[in-house]
Every structure is written in structure tokens, then in C-alpha cells.
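Two complexes come next, and they have one chain in common, subunit A, joined by subunit B in the first and subunit C in the second.
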Partner chain A sequence: MDTPSKTITRHRIPLRPYLLLLPAFLCLAAFTYWPMLQVFLASLTDKKRAGDAGDFIGIGNYRTIFTEADFLGALANNALYAAGTVIPSVVFGFLFALALRETTNLSAILRSALFFPTLVPLVGAAAIFIFVFMPDIGLLDYYLAKLGLSATNWLGDPDLALISLMALTTWKNAGYYMLFFLAGLQGVPQDAEEAAKIEGANWLQRVYFVIVPMLGPTFAFVVVIALISAVSQVDHVIVMTEGGPNNATNLLLYYIYQQAHEFYDLGKATAATVVTLILLLTLSFLSLRTMERKVHYET
Partner chain B sequence: MFFRSAVGALCAGLIASSAVAAERIEFMFPAPVQGKLSREMQKLVKEFNSSQSDVEVVGVFTGSYDETKVKSQAAAEAGKPPAVVLMSANFATELAMNDLIVPMEQLAGDTDLGAMMEEFWPAVRPNAHFAGKVYSIPFQNSTPILYYNKEHFAEAGISKAPETWAEWVDAAKKLTKADGERWGIMMPSNYDYNGWLVQALTMANGGQFYNNVYPGEIFYDHASTQGALKFWRDFAHQHKAMPTGVTNSKQVSTAFFSGKASMIVLSTGALTFVRENAKFDYDVAFMPRNIRNSVPIGGASLVSFKGTTNTQKKAAWSFISWLTSAEKIGHWSRFTGYFAPRKTAYDLPEMKKFVSEHPDALRAVEQLAYAGPWIATYNTVAVRKAVEDEMQALLSDPELTFREAAARAQENADKVLAPYAEQTALSLQ
Partner chain C sequence: MKPERSGYLSLGALLAAIMCAVVFLWSTPFLWMIVASFRPDGFGGLGMASLFPDFVPTLKSYHYAVEDGDWPLWFMNSAILVTGTLAVQLVTISLAGYAFARIRFPGKDALFYLFLLQLMLAPPVLIVPNLTTLVHLGLYDTLLGVMAPYWGSAFGTFLMRQTFRTIPKDFEEAAIIDGASWWQVLRHVLLPLSIPGLTAFSIVSVVYHWNEFLWPLMVINDPDKMVLTVGLVSFAQGAEGASDWGLIAAGTLFIMAPLFIAFTAFQRQFVNSFMSSGVK
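For the complex of A and B:
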């Protein structure tokens, strides 16, 4: 047989890059894609507990959860919770970064102070905030009483409980997002701002027309991680409210946890997981697309 | 980390190969009341381990009752079934139904379980049995009980603890001070506690709450439960003697200690906690009655998960029988405030001395004569949550009627119970 000609070898699929990718792919497949596939397959069965095979019931679980008040409630709560935590924590993070942009001794101290809540584990912060929010004798009501406001049942009132959790999350996350904006601000070229200054743009105009557009990628990234944390963090719900009062703080992940571990319904739990994943992927994709489109590239 | 576990594995291997190896078993336990309990439990485990050389128990603290159920099931699913778990007494039924725990006869060897159970109070026995077999051994039990501030009572001119619901409402109204300065009565309405207290009120209102011989039925939309829902709700909205919204047990005990609440309902398991923290003259009394004196049992029992080896089962039994001996169960009762489910514990001299010094500890035991089993159905937590959600809504929303709430609780609970009912009572040839 002839040795293969050069033209053929050139068209052959190069093996080496795939071989190099193989270990990473195997890890991802074993620990990410395979479990995802299993979750998807389980969501099509009426599996009750782990170890149970369950019968194939098609989209039965999806039909059930979308007619169920608890799941729809959790979905609505999570949407509210996402809006009520992503927007304020990103805005505060940005404003903190803007205010503490210059490195001075004072700003270094303030940055650490604002970053501090990030270092507290969520479950610990939640345990502390139980006492902050305690009606009448808690820290919050103690100071509000000095302003003449009467006791408020922050975690026990269905209209306030979710807002209280949002406040805790914002307190905890804003300092973390500040870090990204501080880093992003380093990349905003001085000359663009100076040019705007010379043209007579005031502070607000400079922030809005120069800094914000240039921070497009940072905003996109921070919004996506904020969204993910709004769906993937549940410690405070478990510690502070267990989804109550009357499901007012029941978020998707807590709903999934309850269905899987307390109510013996893995089918429903996995269906809810799939829905949550799809939502999260769509939202992340959309926010990355729209915000990155606003990215300012240097000419 | 890797190095340490490698060394650990090596050591374990060496120990296992030696002839006098101690059988290592895991014991999961919750501590629903306070952190001190988990430290004391670890002390007991250590005491057991040093008392003999055949068994080594590893104590694992697992948080609340509900969390303990989740964690022990997760361990079993992962192929490491815990040999001994201190489980909320009412969960044994569904764990047995789901074939997750084994009947005690598989552990007990020659021990006569029937005779052993005779030594326990009649009220704690139903929750220990399923399908005619003993599935759990009671260890720490409680009932809801009324704690009250005697100084506030004297100030309001009330001479004795309320015995009926009418007296209870009357006292609560008299004790309340305007603008939330002081509440006449507070009761925890967070999940778990909530359902337990709705059951207590329902039983005091003449009801049975759930079918305690068939786990597929619950009686929410019935007069006795409806009345209980209304009674609790009225404390908040009609008599204004209780804060509105959901109040958890921490808030309730803190309010009592700071004098912001004159009467509270808590578990007898909190008795020692209250004794140590109340800086005023307090006392405990029976839960007041409407139709009859009756309360549900609470607390936890020891169960053993399926899938352990025979030697582990034997080891588990030697620990269980040690821990539930009259002496140890009595010690735990004195330390915590839970009553000792084993009657014979009260015959021991230390116990006699203790109850004469602390007569309040006896109140829970006296109330036992009127106690019944705790809600245990198919999928207990989901069934319980159906009424808890409605009770929470009633406490928050003054417009919601108790009839609407009871009807919805029934509807939601029936949905949860439906698969079981279909497979059993409704499965006809």
C-alpha cells in the first residue's frame, strides 16, 4: 500500500486537540452532563424516592407542577425575590465602587467594611438575622422603637417575610459585586472621562454616558451571577422561615428540597429542577446577549 | 486531608483485623431545644463507649427533627444506613411504611419486646408500633404545656392557672397590655410546632385529629379541628391577646423570659431551659380544655435503618437498651425536661428526689394520663403542612374564615393521601 498522500492527511480530523480535551470532557460528562441527563430522565417518571425505579409517565410531572399552587407560588416568589435582590444589590455594588474608586486609607477601610458580609456564610448570616428581625426585642425593632415605630413581625408576616429575606441578601451580596465594579472601573480609560469633562459633561452625565456603557461586560457578568445566586441559594430560607408563613418565602430550590426529601416525590422534584435550569439558562443567555451588545469597544 | 483519611483508613484496617475489634456504628440525633442537649448527648455516647469494648458508637448531631429525617434517609440512600437514629416519634410510621427502618424484633434477640413496652407509658406506645410490630423505642417524650408568669397573674388578679378555654381567653385578655407592651398568650406557629399545637387544641376540643389506626385519613374539615383553628386565630384577631402573624418558638421563649408574654405554650422538653432562664416566679399547668383534657405526645424515639449487618444490629441493640434503661432515660429527663417515657424511671431514688424538688417536672407526667398519639400518616410532613399553612394564613389574615381554611387544608391533605388511599382502602376487587 502507498503511504497516505499529503492531501489526505491534511484533511484528516486532527486528533491531538481532542485527546487533550478528553480528560476535561470525561470529568464534565461524569459529574455534570450525566447527572443532568439522569435528572431529566427521572423527571419523566413517578419515582418517589432514590432507589425506587418509578414508571415512565411522560410529561405528567410537568403537568402536575404547572397546575399546582405551591410550585407556581414558588416560581412567582422566586421571580420577585430575583428582582428584589438582583437590582438593589447590583445598583448598590456599583454605587459603592463608584464612591470608593480612589484608593485612600479611608476608602480601603470602607471597602473592607462593605466586603465583610460576603465573608459571613449565608447560613451564619441567617442565624444572626433571626435575632435582628425578632419582633419587638430584635436589633431592628429596638432602633425603630426609638423612632417611635411599633413592633413589626418581620419574618412572621407573609407580606414582609420575603422582603426581609431580600434585605438580608442585598446586605450580603452588594459588597461582593462592588469588587467586580472596582475591577471594571480600573479598565475605564481616563482620557474618555477627561474628554467628557472638557466637553462640559457633569458627574451624572459622565457616569451615565461614559462609565456605565464601558462597564457593559461587568454589568452583564454581575447580573448573571446575581441571578444564579437568587436561584441557587436557599440557606436563609431553611434557617429563617422554612418557606413560611404560608409559603410566602417558598423559593424554587426550597420547593425542590421539600418535594425530594420531605414529601417523597422525586419525580416532581426533578421536573421542577429541569424547569429551574431552563429558566436560569435562558435568563443568563438573554442578559449576557443584551448587555454585551452595549459593550463599548475602543476604536 | 487525603493523607489524614489514608492514615485513618489504614488504622481502621488495622483495628478491624485485630480479634477484639469494636463494632463501629453510627448514631444520629437531633437537638431541637438547645445546644446544651447535643453536648450532653455526646457525653452519654462517650460514657457508653467506655463502659464496654464490643461496640463503638459515633454520635452525629443532625439538627432539627425534620432535618434528622432527611439526613438519615440520605445516608441510607447513599448505602450507609445509620444503625441508630433518634427520630421524631411520629415519623416511625411512614419510615416503616416505606420499608426504610426495621422492626425492633430484628435487633432485640432474646429480649421480650412486649414485656419491655409494658414498662413504657401507654400514651407513647401507639407511635412506637406499626402493623402490630414495635418499630421504635421511645427515648425522650413531651407534651405541650402551659407556662405562666405568676407575678403577672398576681398583678392582674388571677388566682389560678386557666383550666378551660373560657378561663384561658379571659386570663389572656386580662394579662394583655395595650400597644404590644405585653401579650397575654403566645404560642409557636412555625412549621412542626404549629401542627403539633393545632393537634393539641383539636384534641382538647374533643377531636382525634387523624385516624390513628389507618394512616390514610385526616380530619381537618371537621368540627373539632375547625373549632381549634378558630380558637387560636381569635386570640390574635378577636381578643388581641397574641401577636398576629407567625411566631417561632425562639420568639415565644424570648418573649416569656423578657416579660413580654405572660402565658406561653411550649413543649415540656423546654422545661429545664425555662427553669434556667426565667428570672421570675413561673409555673406550669395542663393545656386548658374545651371538651376534654387531651394532648398529643411529642418527642423522639430510637429507630434502626434497614440494610445494616447482623453484627451492627446487635451493636445497635446493646446501645439502644443501654440508652433507654430506666437509669439513663431518667438522667436525660432530669437534664432536659422531657418526661421519661419509661415508667420505671420514676421509681428510682434520684428521680423521686428530683420531682420532689421540682414539682413542675411532674406536671407533664400527670398530663400523660390524658395524652394520645401524635399525627402519623402516609407522608406525614406534607399532610401536616396542609393545616400548618392554613393556620399561618389565619394568624396573618383577619379576613380569612376558619371554615375556608379548614376546607382548603382538608383538600390539600386529601391530595397527599390519595395515592395511599387508592392503593389500600379504595383498592377493591
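For the complex of A and C:
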């Protein structure tokens, strides 16, 4: 506990903590809370461009987007994309961390190699993966052909395009998540694992019953950042597919970007933003609540 | 004892072999990029995909890349962008993290959750209204405008709060008894002990902003203020039309080079800072 005299002075000047929070708070207010309010208000009008006054039309924009195939498609695509990137990249990140847990010269090299994709800018990775996914002559098909598999139009086939983007995202992010798991694994006490070993638990049982529960907060945190990136990163969509073929890779943020900057329908763009924000908040809140609960136990 | 020991050894060797194979597969796009950037026939021939450098390496792609793009300018703009973003972030997150970790005040929990809200509301999602705000503030088409939305970082505040909380209070109390002010405690006691947390945050911030594309694309119109990622795309679109993959690979490696060199040089410190920071 604090020394009594200091606690009293702190109570007399309650201004200081607020002043300390002020600089960060001002930025958050200007670029998070205020725009949230703006987006919400604009979504209730028929604004076309940023300068327009726009008339109040209530939930008209929401009604429009929820009956529009493009938006519903983007919503469904993003849900699939989130599931298809969060799960594999978190699982790979965890397995990599588990395998490279001991620090040796070899594991240091392998960790670096797995982390490199994180350093590649997404737009650069996207430009490179256009070649990787090229039918017939691309990196993937060139080597698949040596295994006797025929050419595939990875980005041109509506059934495969989104899966190809998921593969790129998993490749790029798993090494980053590995770092968080490596950090988390440091906190798992050796005794707990030793005890389980003496009790006769095999490797898989030790991982599942001892390590995974202890990494609960890490899993929650990594899942949240993976979810956020699944919604807020669309550089590869812009560079590789522009939402196509046949809207198969149209994600929510790309839809918002198109409505605002190509079709000039700010009402629809903002309504879609509100829906995205609500989804993102709900999902992250559920994961973060689990994490905070665990963190309180810890301290 | 002996057979069991060798059993462990071979199990370890097997795991090492499997991991080497996995990491090799994982690295193929990256290895290909390096090989392709040195390939003489950069224009999409049939053997373009080969991972084996069966040729005399040439710097032709790099040469063209240098001629085609305004790299020094893009590098400078990106460097200004990441430095300006990080410098302000470090101040705001240290102050806010300190308040949340060490001071009790009314409304603390509510404010903390209000901060956490931003962790989930990634700025790119708020592109539309944020552009309007920048226009009102007169920051549209400026590098300051690209930086400003990131100056208050919920992630950084959260990380610093966790890091400060791992430091025993005795250290500060000793300083306070010696007559140090809160500012001196923060500056001379807490921050020096929080280097791992600050380093981990700096790395995440620099990598993120160095590689960010959509937000700078939307904010900047003036070619003189273009950053690396936006430059790369404008340049890659031309090269893609010509299927010059070697050129694209060389350009991407250019952008990565500073991060790549820094990471390779400080690999161990980097991973350690992550492991011992509050990110757990």
C-alpha cells in the first residue's frame, strides 16, 4: 500500500491523473469517439459526399444495405474470412511457439524466419502473391505440377479466391502471434508441467490440460488482435482482387471504401461502418472480458 | 537411464527436422522473392517460379527499381511518418499508463474501458469521418494528418500499464522518501525499468506504420509527400502490366530492407523485449 501521507496529497489534488490522461484522451476523442458519433449521425442521412448537408432519413440506409446483395455478401465474406484467418494463424502461432520454446541457436534462426513475413508490407506481399497464385507459371502451380497436380486459377475462381487471401493472411500473421505465445509460455511454471508428467500425462495431455488453460489470457488477446486485423486490413483486396471475382473477396472495409470513394454514397458507407463497429466491439468485448478476468487473478 | 536419454535426443532431433521442413515451406515465398530479384530474365518466363538460382545473379532489377521510383523521397517521408508517430505515442502512453497503473482516482475503471474501446476500433474502419476531421483541422494532405489519429494508442497505454504494474512499488517509495516528485519517479525509476515494454511497443508501432497503406493513400495527394507503400503500389502496377516480377520483388525488398536489417541485428533483444514486456 502507499505511504499514508502520499495518499492524502493525492486525494487533495485529484487533477493530476486526469492531466496525465489528457494528451492520449484528446487524440482518442478527436479520432475515435467523435468520428463514431459522426458516423452514427451521418448513417441516418442521405448524404452523398463529405460536404453535403443531407436530409434525415432514419434507418433508411440500414434498410437499403440489409437488402443489398453486395453488402450482405461482404458481411458473409468477412465472417468466413475472419474464421479462416483467425483460427489457422492463431493455431500455427501457438504450435510454432510450442515447438520453438527452448532458446537454442537453431530455434533463434527458425523463429526469425517465421517472423519475416510480418515485416513484409501487406501491399508488397500482395504484389508478390499475385505471382505465387498465378495459374500454371506461378510459384504454387509450378511446384504443384511437379507433384502431378494440374493448374488452378487461385485468384480467378470465385470459390478459391477468398481461400487464397486467407492463406496469404495466415502466412503473414502466424509468426507475429508466435511472439505473443512465446512470451506467454515464459509464464507457465515448470512445476505444473513436471507434476503433470509425474502423474503420467503424455505430451498432448500436458499441452491441452496444463499449457492451454494457463495461456488463456494470451489466447484471448491474440484472438482479439487477429479479429481486428481481419476487419481492418484490406490492402491485399485492393491490390490483388478489387473485391472480385464476382464479389467473392469483397470484405466489409472494402465495401465501405468503395461506397465512400467510388460510388459516392456516404449514407450507405457510414451505415456499413456502424454495423462493422458493432460487430467488432461485440466480438472483442467477449474475448477481452475473459482476458481481464484472468489478468486480475494474476496481479 | 541411457536408452531413455537417447530416446529423448532422437525425439528432439525429429522435432527439429520437422520444424526445419515447415519453416522452409513457410519461407518459400520469401526465398523466391530474393531469387527472383536477382534473376536476369525478369520478364515472366516459364522458369520464373524456380526457387533455384540457376543463373548468374544480376542487379538489373534493382537498377530499374531505382530508376523507376523516387525512393529517397519515399524513404524520407516514411521515416518522418514513423518517427513522428512513435515520438508522440511514447509520451502519451507513458503518462496514461502511469496514471492507470499507479494512481487511484474516481472514474478510473470507466476511463480505462473507454480507452480499451479504441483497441477494438482500429482507425482504418473510421476512415470516412477521420478524413472529414482532418479537413477541418487543416491537416488533410499532410504527413501530420497521417500521424495524428495514432497519437493516442490504447494498445500502448494498456501495454505500459501492464509493464508498470510488474515493477515493485518499493523502488518508487524509496525515491519518494528521498524527495522525488512524481515526474522524477516516472522519468528516473519507472521508465528505465520499462525498457522492454517500450521497446516492444516501438517495434510494433514502427512495423505497423512503415507498412501501412490504405490510410496514407487516402490522406496524401501530393506526390512529394508519398510514403513507401503507396509509392510501391503505383510502381508495381506498371511493373505488373509488364509482368516484371523481378522488379516488384526488388521494390518490396527495398521497402523491407531497414526493418529486415534492424530485426536481424537485434533479433535476440527483440524477442526478449517481447517476452519480458507486459504482453502476456
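Rule of thumb we're sticking to: the second predicted complex is superposed on the first by the 264 of 299 C-alpha atoms of A that agree within 3 Å, B and C clash if a C-alpha of one lies under 4 Å from a C-alpha of the other, contacts with A are read in each partner's own complex, and residues count from 1 in each chain.
Quick note on the criterion: a contact is a pair of C-beta atoms (placed from the backbone, for glycine too) under 8 Å apart; a residue touches a chain by one contact, two chains touch by 3 or more.
As the structure is a computational prediction, the values presented were derived from the model and not from experiment.
Ranked by how many residues of subunit A each touches, subunit B and subunit C are led by C. By the document's definition of touching, neither partner reaches A:L279: not subunit B, not subunit C. In the superposition on chain A, A:I137 makes contact with both subunit B and subunit C. In the superposition on chain A, A:R16 makes contact with subunit C only, while subunit B stays out of contact range. By the touch criterion defined above, A:P158 lies against subunit B but remains apart from subunit C after alignment on the C-alpha atoms of chain A.
By the touch criterion defined above, A:V207 lies against neither subunit B nor subunit C after alignment on the C-alpha atoms of chain A. In the superposition on chain A, contact of A:E242 is made with subunit B only, not with subunit C.
When the two structures are aligned on the shared chain, A:A50 is found in touch with subunit B and with subunit C. Residue overlap on subunit A between the subunit B contacts of one complex and the subunit C contacts of the other covers 50, 130, 137, 261. Looking at the complex, you find that subunit C touches subunit A at residues 15-16, 18-20, 23, 26-30, 32-33, 36, 44, 46, 48-51, 91-93, 95-96, 98-100, 103-106, 108, 111, 114-133, 135, 137, 148-154, 157, 162, 165, 169, 173, 176-177, 182, 207, 210-214, 218, 228-229, 232-233, 236, 240, 245, 248-249, 251-252, 255-256, 259-260, 263-264, 267-268, 271, 274-277, 279-280. Interface residues of subunit A facing subunit C in the complex, by the touch rule stated above, are 2-3, 6, 10, 14, 16-18, 20-21, 23-28, 30-36, 38-39, 42, 50, 99-100, 106, 108, 110-125, 127-132, 137-139, 141-143, 171, 175, 179-180, 182-184, 186-187, 217-218, 221, 224, 228-229, 231-235, 238-239, 253, 256-257, 260-261, 266, 269-270, 273, 276-277, 280-281, 284-285, 288, 295, 299.
Across the interface of their complex, subunit B is touched by residues 49-51, 130, 134-137, 150-151, 153, 155-159, 242-247, 261-264 of subunit A. Of all residues in subunit B, only 66, 69-70, 73-74, 77, 98, 179-180, 189-191, 243-248, 250-251, 254-255, 258, 260, 379, 381-382, 388-390, 392-393, 395-397, 416 touch subunit A in the complex they form.
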